[in-house]
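Two complexes come next, and they have one chain in common, subunit A, joined by subunit B in the first and subunit C in the second.
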Partner chain A sequence: MADDLVNVTIDGMTLAVPKGTTIIEAAKQAGVLVPHYCYHPSLPSPAVCRMCLVEVEKAPKLMPACATAVAEGQVVHVSSEIAKKAREGVLEFLLINHPLDCPICDQSGECELQDYVFQEGRAGTRYKEYAKRYNPVEDFGQDILYVPNRCILCTRCVRFMDDVAHTPILNVSERGDRAYIGISEEQRLDHPWAGNVVDLCPVGSLLSKDFLHKARAWDLDKTPSVCPGCTQGCNISIDTRDDVVVRIRPRPNLEVNRHFICDYGRLNYRWMNRGDRIEAPLIRENGRHVATDWDTALARLEQVLRGASGSAVILASGRASVESLGLVRRLVDGFTVTAAVQVPLGEEAPLAGIPNLALRRERAPNLAGAELLGYTRHWEAATREAMAAAVVMVLDADLAPADAAALAAAPGLVVVLGSVVPESLENAALVLPVTTMAEENGTYVNRDRRLQRYQQAKSQPGMARPAWWIAGEVLAGPGPSADAPSTAAEAFELLGERWPVFAGLTYADLGFTGRALVAGPAGVAAGEGAAR
Partner chain B sequence: MGYPHPSHPKETVVLSRYFGDADARTYDGWVQRGGYEGLRKALGMTREAIVEEVKASGLRGRGGAGFPTGLKWSFMPKEVVKPHYLVCNADESEPGTFKDREIMRWTPHGLIEGCAIAAHAIGAERCYIYIRGEFTEPWKVMTAAVEEAYARGALGANALGSGRRIDMVLHRGAGAYICGEETAMMNSLEGRRGNPRIKPPYPAVAGVFGVPTTVNNVETLAAVPPIITRGAAWYKSLCLGNPKSTGTKLISVCGHVQRPGNYEVTMGTPFRDILYDMAGGPKPGRTFKAIIPGGSSVPIMTREEAEAAVFDYEGIAEQGSLLGSAGCIVMDDTTDMVYQICRLARFYAHESCAQCTQCREGTAWTTRILERILAGRGKQEDFQLLLDLSENMTGKTICVLSDSCAAPVVSGIQKFRGEFEAYMTGAREPAMAAV
Partner chain C sequence: MAIGVKVLKRPERQVSYVRATLKGMALTFKHMFEPKVTLQYPEQKSSADWSISQRWRGTHRMLTDEQGRSKCVACGLCPQICPSNCIKLVPGEDEEGNRYPLIYEIDEFRCIFCGYCQEVCPEEAIHMGVHFENSEYTRGRFVYDLERLHAQTHPVSTLWDPSDPRGQ
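And then the complex of A and B:
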C-alpha cells in the first residue's frame, strides 16, 4: 500500500498521496487551493490558462499544478513570491480585455476571475489607451447565452461538449487575442446536458437564460438536495432567494453525477414555487370541506382508520420521501394493502462520457425506495383496486382527471395528503396539507440503491407538514407522545424495524453524498437472508 | 553552395552541393550522384547501429532547438508494440529561414533518403512529411520525387529490396506558423486545431495519433545519408574547435547584405566570414546595425556581438543569442529598430494559437505598446511595462511562441533603447504602425 503513495510537501505541509495525483489535487488535500481556470476535475487538463503555475523545487521553471503529477520528495510552493508574480501576470493579462461589468453580471459573487483578482491581482490596470476586444452577445440556443467579452478562453465548455457530452459543436475560433468560443454553424447548444457549460464557465461568459438577471449570487441561500427529476438521483443545490427557488445547480457527487445535472432536472423547479397550496387541514363536514387544526384533523384520521376494515390502497407520488412512504404504509398495517407509486415516463438521455449517468425514463426520484418499502409501480391496477377499497390514501399523487373522477365516486373513505388542492375530490374525508421535497428533510433511494438525503430549501406554506409527521403522530396515538417522530431523522430510524434494509442506518451515516444500501431485496440481506 | 550565387571558397558544401542542379531532382540523377547508397547501407544495419552512428556524428537538430539527433532517436521504444511514426518537419515558417525550402526544391531524394534511414532507425514504417502550405514549388518537387521513389522501389513494401516497408506521406499545412512546433504539427496532422500539446507525454511516448513518434527537421534528416555513407568520424571532423557543434549548417542570410542566400559552412566558422565574405557585407556606404542570427525568435545581436561570434550553437549563445534555425536577418544603419521589433511582435500576436493566457493577451498587448511608441505617444514607463510583460511571457507557457515574442523586445530595448527614446521625446517623427 505504501508503495502506491508518494510524499510531497506543499506550502510546508508534508502529506502522502497516491501516485499519479496531480499537484493541484494533492494541494487540495493539504488545504491549499491553487488558483485555476481551465482545470476541472471532471474534464481533461489542457494546462492552458497557466493560472495554476506553482514553484516546484529543482524544476527549471514554474509547473502547471493541474498537469504535473506529484513525485516522491517533491517540494511545492504555491504561495512563493515567484509563483504569485506569475499568477498576478496571468490575472493582469486576463483582465485587459475583460469588460469589468461585474455590477450587471450574473456571475458576480461566484466568479473565479473576481475572486482571484481580489485575492492576488493588481490593484490597477496598466492597459490604457486601447479599446477592449468586443464581440456581441450570442445566443447558443436552448438555455444558453454566450457573452464573448467576458470570456477568458479556458475552454472548459469546449472540452465538456467534446469529451463528456461527445457532441463536439463548440470550438475555439480565430487566433491570438481575437479568439472566441465558436459554435458549429447551423447547430445549437441543445444537447440535453448542455446547461452544464454554464456551471463550468468560471466567469460570466456562458449564462443561463432562465437565471438571467434573476438574483445576485450573494443573496442566494443554497441547500443541498437530491434532484427530484428521475431515478438517477443527481445531487443538486436548490438556490433560493427570499424563499423562492430561483435555480437548480449540480452538487458534486463522484459516485452519482460527478459535477453535472441534465437540463430537465435543472429547469424542473417551478412547481416548487406554486402558490395554490393547501395551507390547513380540511375535514368534511355537512358535505363540504372546512379548515381545522391539526389536533382535530389527526383525531379524525385516527378515527377514520380505526372505523374501517378490509382493504386499503395507497396512491403515492414518486417524489414522496422514504420516511413518508414508510410511515404512511405502516398506518394501514391493519388492512389488506395495495400500495403503488406513480412513475411518469419520458425519454432517456445519457451523458455519453460518464458511465452510468443519464436522465432516466422513470421520472420518479424515489422509485427504488418505494419498491423497497413494498410499493409497486402498477398504478393502473392500484387505481382499479381503489374502487373497491375501504380506505384510499392519496399521498401527493398527481391524479389524472379520469382517476380523480373515478375516486370521487369510490365507495370507500378517501384521505388526501396533498400539497395542492385536488380537483373533484369533494368526497375526501380528509385533505391534509403536506410539504413538498423542497420544504422538508428526507431521503430518496436512487436506481442504484443509493440512499441520499435532501434538505429543506424553503419554508412550508401555512400548516403543511411532512406526511411522515402526520403518520407518525397517528401511529403514536392521541395526545402528546414521546414516541412520535419530531424530525425526519427520527422518522427514518423508525423504518429499520419493519424494513431491515434500513436497519442500523442513521442520517449521520449518510453525510451529504449518501450511501449504497446492501444488495438484495428488502429484508433478505439483513433479515430473512440470515435465517436461510 | 551559395545558391543562387556561386559557391564561396569558405563554404563547406555537403547538403547544398546540388542546389541549382535540376538533374539532381530525378531518381536517376540522384543515384548517379551517389544517392540512395546511404539508405542501402542503413537497411543492412541494425536500428541500434544507425542510432549509434548518428550519435557519434554529433548531429544536432537543425530546426532550432539543437537537440542531439541520435539521442532523440534512442528515446523511441526498443520493441515496436504500437506503430512508430517519423514526422519530417518541413513547415519552415520561422521568419528569415529558407534553407529547408531549397533542400526540398533541389535535393528531394536526399530528404527522402534521410527520412527512410531515420524511419528504419526508429522502427517506423511510415513517415509524414509536413510541408508548409505556402511552399508550392517544394510541394510539387517533393510529390514528384516521392512518386518516383515508390516507382523505383526505394519506398514501399520492399524498400530497395530489403523486405522492409517504408511509406512516405506528404501533408500540406494550411498557413499557421505555430504548426511548425512539433506538438502542434501532430495535432494538425491528426486533423485537429494546430495547438501545441503539453509535455509530458513526449512524442517518443505518445506522439501523432497517440503512438511513439520522432519529429525531425528537414535539414537534420537530409544530413543523415552522408553520415551513413561517409561515417560519423568524417561528419564529426567537420568542426572548427568546438566538439559540441559538428557538421555543416545551412545559413539563410537575408536583409541588408549584398548577396542574400543560403550558405553552407562548417560549424564554428566565424560569423564575420559569413556576413562579410559570403554574403558580401553591407551595401555600399552602409554599415550593419543589428543581426538576428537564428530566425525571428531569438534575441537580436548588435553588429559588435555578431562580429565577435563564431557560428555554432555555443558560439552564438556566448554572444547572448541563439543559433536557432540559422535564419540570419541582417539590418543595416538605415533600419528603424522600433519599427522592426514592432513588426516582429505583430507577427507573433497574429500567430498566437490563443491557448495560453500570457501568449494570447501578451503578444497583442506588446504590439499595441510598440505601435503607440511608433506613433509618438510612448512614455518612459513603457520600458518597464514591456520588460515586465516580457518576463511574464517567458518560460510560462506550453510552447515558446510567447518567449519568442519577448526575446526581440527585451534585447531590442537593451541594445537600442535610444531609438525608442527618440520616438518618445519627439526627436524622431512618428511612424505608421507596422503593416
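And then the complex of A and C:
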C-alpha cells in the first residue's frame, strides 16, 4: 500500500496521495483550490487554459497542476508570488476580449472568470485603445445559445462532446485571438445530453435558453435532490427562486451520474410548479366533494378501511417515495393486495463515455424501490383488478382518461391521494392532497438498488401532506399519537420492521450521495459512496 | 397655624416683571432689523443662500436612454443590495434579445433612502432624486412602477463622493 502513495507538500501541508494523482486533485485534498478553467474532473485535461500553473520546487518553470502528476517529495506552491503573477497575467489576457457585461450575463454570480478576477486579477486594463472582438450570438441547438464574445476557449464543451458524448460536432475554429467554438456544418447541438455543456462552461458563453434571464445566481436556493425523470436516479440540485423551481442542475455523484444529467431530466421541472393543486382534503358527501380538515379526513379514511374487506388495489405513481409507498402498502395489510406502480416508457438515451449512465426507458425514479416494497409494474392487470376490488388507493398516479373512466365506474371505494385535482373521479370517497417530490423529504431506490435521499425544495401548497404522513397517522390510530411518524426519517425507519432490506438503515447513513442496498439480513452494503 | 411659613420681604425692584418683559420685547424687536431666514414655503422653495443639498436622497428616478427606454438591464443588484427589500424586479427579454426589466417597482414607503441602489447600479439607471414633496391621495401610489420612475423629472442625487467629502 505504502508503495502506491507519494508524499507531497502543497502550500505547507504535507499529505500522502496515490501515485498518478494530479497536483490539482492533491491540492483539493489539501484544501487548496488551484484556479482552473480547462480542467474538469470528468473530462481529459489538455492543459490549454494555463490558469492552473503552480510553482513546483526544482522544476525549471511553472507546471500546469491539472496535467502534472505528483512525485515523491514534491513541494508545490499554489499561492507563491510567481504563481500568482502568472495567474494575473492569464486573467489579463482573458479580459482583453471578454466583455464586461456581467450585469446582463446569466452566469454572473457563478462565473469562474468573475470569481478569479475578483480574487487575484488586475484592477484595471492596459488595453484601453483596442476595441474588443465582437461576434454575434449563435443558436447552437434546442436549448443552447453560444455567446462567442464571452468565450475563454477552455474547450470543456468540445471535450465533452468528443470524449463523453462521443458526438464530435463542436470544434475550435480559427486561430489566435479570432478563435471561437464552431459547430460542424448542418449540425445542431441536439444530443440528449448536450445541456451539460452549459454547466461545464466556466463563463457565460454557453447559455441555456430555458433559464435565460430567469433569475440571478445569487437569488437561487439550491436543494440537493434526486432526478425524478427515470430509473437512473441522477443526483440533482433543484434551484428555486421565491418558491418556484427555475432550473435543475446536476449534482456530482461519482457512483451514479458523475457530473452530468440529461436534457430530459434538466427540463423536467414544470410539473413541480403547477398551480392547479389540491389544497384541502375532500370528502364525498351527498354526491359531491366537500373540503374538510385533516382530523375529519383521517377519521373517514380509517372508517372506510375498517369497514371494507376483501381485496385492495394500490395504483401508485412511479415518483412516489419509498416511505410513501411503504406506509400506504402497510395501510391495506388486512386485504388481499395488488399493488402496481406506474411506469411511463420512453426512449433510452445513453451517455456513451460514461459506463452505466443513460436516460432509461422506464421513466419512474422509484421503480426499484417499489418492487422491493412488493409493488409490480403490471399496471394494466392492476387497473383491471381495481374493477373488482373493495378498496382502490390511487397514490398520485397520472391516470389515463380510459383508466379514470373505468375507475369512476368501479364498485369499490376509491381513495385518491393526489397532488392535482382528478378530472373524472367523481365517485372517490376521499381525495387527500399529497405533496410532490419537490415538496417533501424522501428516498428513491435507483435501478442499481442505490438508496438516495432527496430534500424538500419548495413549500407545500395549502394543507397538502406527504402520503407517508397520511398513512402513518391512520396506522397509529385515532387522535394525536406519538407513534405516528412526524418526519420522513422516522417514516423511513418504520419500513425496516416489515422489509428487512431497509432494516437498520437511517437517513444519517445515506448522506447526500446515497448507498447501495444489498439483499439479506445485513441490509447494508459495506462500502459506501467512496470516490472511484 | 400648623406650619410656620417664613415670609421674606423683598424690594419691589427685584420682584417686578416689568423689567423682564421689556428685556424680552427688546430682543424680539431687535430681530425685526436682522436679515430674514424664513422661506415662504410652498411659494418659495429655495433662496440664494439656501437650497436643498445635491446629495439629498429623495424618491427615486429611473433614467432613460435616447430612445426613451429604461437604462435598466435588470441585473438584479439593487434588489440584492436593498436593506429594506423594497425593490421588486422581474427580468425579461425584448424583441432585440436585450435583457430589460419586465416589472420594476419600488415601494417608497419601505424605502429607507440609503442610496445603495444608486451606488450599486452598473448602468447608472436608478437614481435617488433631489426631491422632498411626496404627498399622494392613495397609499398605492407610493409603489412607483417603471412608468412612474421614468416620468419623474426632478434632479438626481450626486450622493456622497468619498474623494470629495465636502462636495466642492
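A few remarks follow.
We adopt the following convention: the second predicted complex is superposed on the first by the 518 of 532 C-alpha atoms of A that agree within 3 Å, B and C clash if a C-alpha of one lies under 4 Å from a C-alpha of the other, contacts with A are read in each partner's own complex, and residues count from 1 in each chain.
By our rule, a contact is a pair of C-beta atoms (placed from the backbone, for glycine too) under 8 Å apart; a residue touches a chain by one contact, two chains touch by 3 or more.
This is a predicted model, so every value here is computed, not measured.
With both structures placed on the common chain, the touch criterion links A:Arg216 to subunit C but leaves subunit B unconnected. By the touch criterion defined above, A:Ala179 reaches subunit B but does not reach subunit C. In the superposition on chain A, A:Pro103 makes contact with subunit C only, while subunit B stays out of contact range.
Once chain A of one complex is fitted onto chain A of the other, the partner contacts of A:Cys49 are limited to subunit B, with no touch recorded for subunit C.
When the two structures are aligned on the shared chain, A:Val90 is found in touch with subunit B, with no touch to subunit C. Counting the residues of subunit A that each partner touches, subunit B and subunit C differ, and the larger count belongs to B.
When both complexes are overlaid on chain A, the residue A:Val332 reaches neither subunit B nor subunit C.
Applying the stated contact rule after C-alpha superposition, one finds that A:Val445 touches neither subunit B nor subunit C. Taken together, the two structures place no residue of subunit A in contact with subunit B in one case and with subunit C in the other. Contact residues on subunit A toward subunit C in their complex (touch as defined above): 102-104, 108, 137, 212-214, 216, 218-219. Touching subunit A in their complex are the following residues of subunit C: 73-77, 80, 91-93, 97-99, 122-123. Note for the complex: subunit A touches subunit B at residues 45-51, 53, 61-62, 64, 67, 85-86, 89-90, 92-94, 96-97, 126-127, 129-130, 152-153, 155, 171-172, 174-179.
In the complex of the two chains, the subunit B residues touching subunit A come out as 176, 193, 198, 349-358, 360-365, 368, 372, 377, 385, 388-389, 391-392, 395-398.
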